[in-house]
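Below are two complexes that have chain A in common, paired first with chain B and then with chain C.
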Partner chain A sequence: FLGAGGGNDIQWCFSQVKGAVDDDVAEADIISTVEFNHSGELLATGDKGGRVVIFQQEQENKTQSHSRGEYNVYSTFQSHEPEFDYLKSLEIEEKINKIRWLPQKNAAQFLLSTNDKTIKLWKISERDKRPEGYNLKEEDGRYRDPTTVTTLRVPVFRPMDLMVEASPRRIFANAHTYHINSISINSDYETYLSADDLRINLWHLEITDRSFNIVDIKPANMEELTEVITAAEFHPNSCSTFVYSSSKGTIRLCDMRASALCDRHSKLFEEPEDPSNRSFFSEIISSISDVKFSHSGRYMMTRDYLSVKIWDLNMENRPVETYQVHEYLRSKLCSLYENDCIFDKFECCWNGSDRQVEFSSLRTSDIPKIIVMTGSYNNFFRMFDRNTKRDITLEASRENNKPRTVLKPRKVCASGKRKKDEISVDSLDFNKKILHTAWHPKENIIAVATTNNLYIFQDKMN
Partner chain B sequence: MFVRGLKRKCFDGEEDIEGTLAGIKAIPSYNLQRQSLLDMSLVKLQLCHMLVEPNLCRSVLIANTVRQIQEEMTQDGTWQMINTQSTGQASLDRLVSTDILCRSSRDQAEEKHVPAYGTFNKDFESDQAQGGSETMSTASSVQVPRNLQNNMWEMENPQENKGNFQKSLDQIFETLENKSPNSVEDLFSEVDNSYYDLDTMLTGMMSNTKMGHCDSLETFSSPTNTASNSNCKSDLNDLDHIVEILVES
Partner chain C sequence: MAAPLGTGALTEEAGQEKQDTQKDKSIPPERAEEAKLKAKYPNLGQKPGGSDFLMKRLQKGQKYFDSGDYNMAKAKMKNKQLPSAGPDKNLVTGDHIPTPQDLPQRKSSLVTSKLAG
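Now for the complex of A and B:
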């Protein structure tokens, strides 16, 4: 696996950890989504309590050239509140399921955040000056008695402490009967899709009272329901192409130019089942929990319970690569079914850009370094290097929190004699799961969310 | 005679059964495991936290698992119709196989195994040897919300079903809380069968198998409860019924 020996391999070091220290986790603090913006300067997290916290990277310190800027809290706001659906007598959770950033067009930043039912467009803007010296108003805003106004003056802007304000600019509501699992902004930066268990809708960012239904897999008779949509994403370059994954392990690629309702896929990606691995749990573990296009748009990655698969969009009948995340769990599926862990939805992500400058070597590498990352249990997370075919397991824990110390690779002992420093499968803590990870779009900085803490790691710079 | 190794492809090499004798002792019946998985799945489908809408993906996956088990049980004859027009010899065999199902786990080691399916892990097996306590610990440790609704996937539920179903589920939960039943089948023993008639009005996806239940259960008895015939009859009836109620639109 990747280790200190590889020449071009990334050596990951702890950088920061955010969140409460104590083991008693407040439910509202459970992190439910993590996303860098397009420049990587901002890092947003959403939690089960409906809050969004945005961290901003400090500008690089000239004296401290050996480390990149730290991330500090930039803005915190309550995105969604708990609601009650009176028709069904059910609560609507305020948990933020996904955050997606829009590319920056002016001084303000925009992001979409969604819970199970409603998507909101938030504007995050800075205010560092304010007008002072009004004629008709006092400083506190009260209107002056007009008879006391004897001179005319022009208000001027004076500097003030930086204030970051978040305001909801659009609310896209009432379009989803089922729970929203994905939102994805189109490459035209004007439209976006939202997907729930059975339907996918297309929105225009400016229009909130209308959306177009582009996929509907709800059967006429709900008793016949055997498959649901689990994730969806627009192609990074082609604004009429998107994919959606299902609970049966299939991915469908659709072209919106073909018809208004994309009932028939253009491509269907499905790997035939391995009959020797067949069990009652085969379908459950084949359910895809996340799908992500590569930055080039040529490949896509899917995550199912035990593996990560890389698909070439030109080949539908099988993935080009399959990486086992935690194959040692295959013999534990029944226990994992019993404690519901088998339904955990792990996400996955690509490294920042397909073409990266190697900081650790003296020359720019022409071969694009492509690494994919995903989480596992016991606060472990895994990375797979597509070029070298090597993989590494790392742990997000406060015990490794010495900055600039390279993280030690972890190993799980599946069976037999446990070597020193290995951890046996039965000792894994299944309550410590890493479901959400994100990779900086340009640099080797990663954000890894444990249950209620956010870890930031970066590569060791020489 | 049993087929060694077929169903255990996914296990570690070291834990494979080496000798015949060891094999007989260590393999509780596949059918018993399968039944427990079925019971566990049904409990999962019912015991959702109903204040918030249940996760549809999870429900669909569990329901598909239940369906798979039932299909397999139908195919291999453990869920069969006694009244079929088969030869006397064949039906005798089938009677024997269901009889074996009702014996204790030690005796069941001798029965034929269904190939290809069923990779239950060793942990599960050792828990089964403890008398099915695993299933019960699942059930009893889950919190039981009192304000249930009977509809998982579509919330345009007819109000009139609520009262009956609520009553039966309340009975189920009382059973869970008060007793320590040896098997989940006991849960259904007290359920009122009168609304099974309502069931026949609803379109069911298991209409094929439904007919067989009433008839097939003469010889089917629960492994732990010897008073059994009526228990099992209501057991399988309500097993179907509950899954139907859960998926009704």
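Now for the complex of A and C:
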């Protein structure tokens, strides 16, 4: 495994855990999205109750150089509220499906958060001074009797306790008939896309009363519906390029320069299936739950129920690598279908450093690590190293709470005699799922969300 | 380990040639699971994982509240006691006429997230 002693392997240690300890999980506390901002200083979570919590990494403490700063609560606010669409008799959940940060342009931070129907642009700003010494107002806000004012003074700004305020700056509503699954900010930093089951819309961040429909896969006759859009993302460098994945396991790459409506893809990525292996479950488990471009934009990663695939954008007919996340579940598909777990949507992410990778390095010792991470059941999560082809399974659990103690790798015993320290497939807790994980853009710090807790792990610094 | 999908199935079939006595090993795990499912639910749709799931996904969130039934129930309530909702307030079916009080409460969370606690 990774961590089994290779000189270069990352050794993960527990750093922090946020959230309630008790097992009785309130629906509202279920974490539904996790995202670092572009610098990694801020970490946002969204939950089923429509709330956003933002953590900030504290500045590195010179005396405690053995660990990176901890993440503490910076701001929390109610992003979305439950709604009822009376016309369609449709209940609109307040659950935050996705959060995406804008790159920072000034002192304030901006993020987009979305539920099933409405996207909101939030401004998070700090206030650490306030004006004091008004002529007509007392310090507590009461108005002074003007007749008692005998001299004039100029109010001055004095420091105050830091206050972090979140305010909704834009509300992008009424553009989606179906449920929004993705939002993605364009590399032009002016536009973004939002995708629902059947359509993708392009917005300008400044304009809320108009959006352009760029993909529409709704068939004229709904009886002919065979696939839905499951995720979409803009290319990190090419502002006219985006991809969207489907429930049938395909990814389409589209170029907005080709036409106003990108119903015809520029590239179609699909791995041919062996027809003799086809079963009732084939299509369900091939449905892609997440798609993420590599930081360089040369590759993209997709997650389906049992595996993670890496695709080279230059090759459409098959992925360049496939990693099995939990292949032992293939012989449990019947029960996973019955308990609905087969429909769980796992996300995946790249480590932060692959930005440098595709710009060649001739010295082998300099090849940066490229690692992909995804979650599984029993609060396990998995990492795959693209260079060494090694993988590791770790667990997010309060039992591994000792900071600076390296996490012990886990192993699932698929069949046969279970070794000591292994866990058998039938003992896995399928209610403990890790669907959302995030990797700090620059450092080896990861955020892993269990049902209602957020774990932060760091690599062991020397 | 980087391995193409279906490797598990191939290993199974290779094993079968040597051990015909183990009937189950001749079937790829996915097919065996499919057989189990069809045995339990013989009327399962012929379209594998097809439109039924998609339509269900698209219709998520649909709640039915019949104002006609509600108004009639309100009128009747003056005369007789209607059966009250069962212990599970989220399930409003059968003879019970739904009233706004029975629909699940959709209040926003006034409580701060426990992550911030």
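By definition in this document, the second predicted complex is superposed on the first by the 448 of 462 C-alpha atoms of A that agree within 3 Å, B and C clash if a C-alpha of one lies under 4 Å from a C-alpha of the other, contacts with A are read in each partner's own complex, and residues count from 1 in each chain.
The definition used in the following text is that contacts are C-beta pairs under 8 Å (C-beta built on N, C-alpha and C of every residue); 3 or more make two chains touch, one makes a residue touch a chain.
Keep in mind that this is a model prediction, so the values were computed, not measured.
For the composite obtained by superposing both complexes on chain A, the positions of chain B and chain C are in clash. Look at A:Gly416: by the touch rule set out above, it reaches chain B but stays clear of chain C. By the touch criterion defined above, A:Cys341 lies against neither chain B nor chain C after alignment on the C-alpha atoms of chain A. In the overlay built on the shared chain, the residue A:Glu223 is in contact with chain B and with chain C. Of the two partner chains placed around the shared chain by superposition, chain B and chain C are both touched by A:Tyr178. Of the two partner chains placed by the overlay, chain B and chain C both lie in contact with A:Leu90. Applying the stated contact rule after C-alpha superposition, one finds that A:Asp274 touches chain C and leaves chain B untouched. Within the superposed three-chain model, A:Leu333 lies in touch with chain B and with chain C [touch as defined at top].
Of the two partner chains, chain B and chain C are each touched by A:Asp197.
Contact comparison for chain A: of chain B and chain C, C touches the greater number of residues. Contacts of A:Gln324 after superposition on the shared chain: chain C is touched, whereas chain B is not.
Shared interface residues of chain A (contacting chain B in one complex, chain C in the other): 88-93, 116, 178-179, 197-198, 222-223, 225-228, 247, 277-281, 283-284, 330-334, 337-338, 343.
Of all residues in chain A, only 87-93, 116, 178-179, 197-198, 221-228, 230, 247, 275-281, 283-284, 287, 330-335, 337-338, 340, 343, 414-416 touch chain B in the complex they form. Chain contact summary for the complex, chain B toward chain A: residues 9-12, 14-15, 34, 37, 40, 44, 50-53, 55-58, 60-61, 63-65, 68-69, 116-124, 134, 138, 149, 153-155, 203-205, 244, 247-249.
Interface of chain C with chain A (complex): residues 1-9, 28-34, 36-38, 40, 44, 48-51, 53-55, 57-58, 60-65, 106-109, 111-117.
Residue ranges on chain A touching chain C, taken from their complex, read 18-20, 28-29, 31, 45, 47, 49-51, 53, 73, 76, 78, 81-82, 84, 88-94, 116, 178-179, 197-198, 222-223, 225-228, 247, 271, 274, 277-284, 306-307, 321-324, 327, 330-334, 337-338, 343, 384, 389, 391, 452-454.
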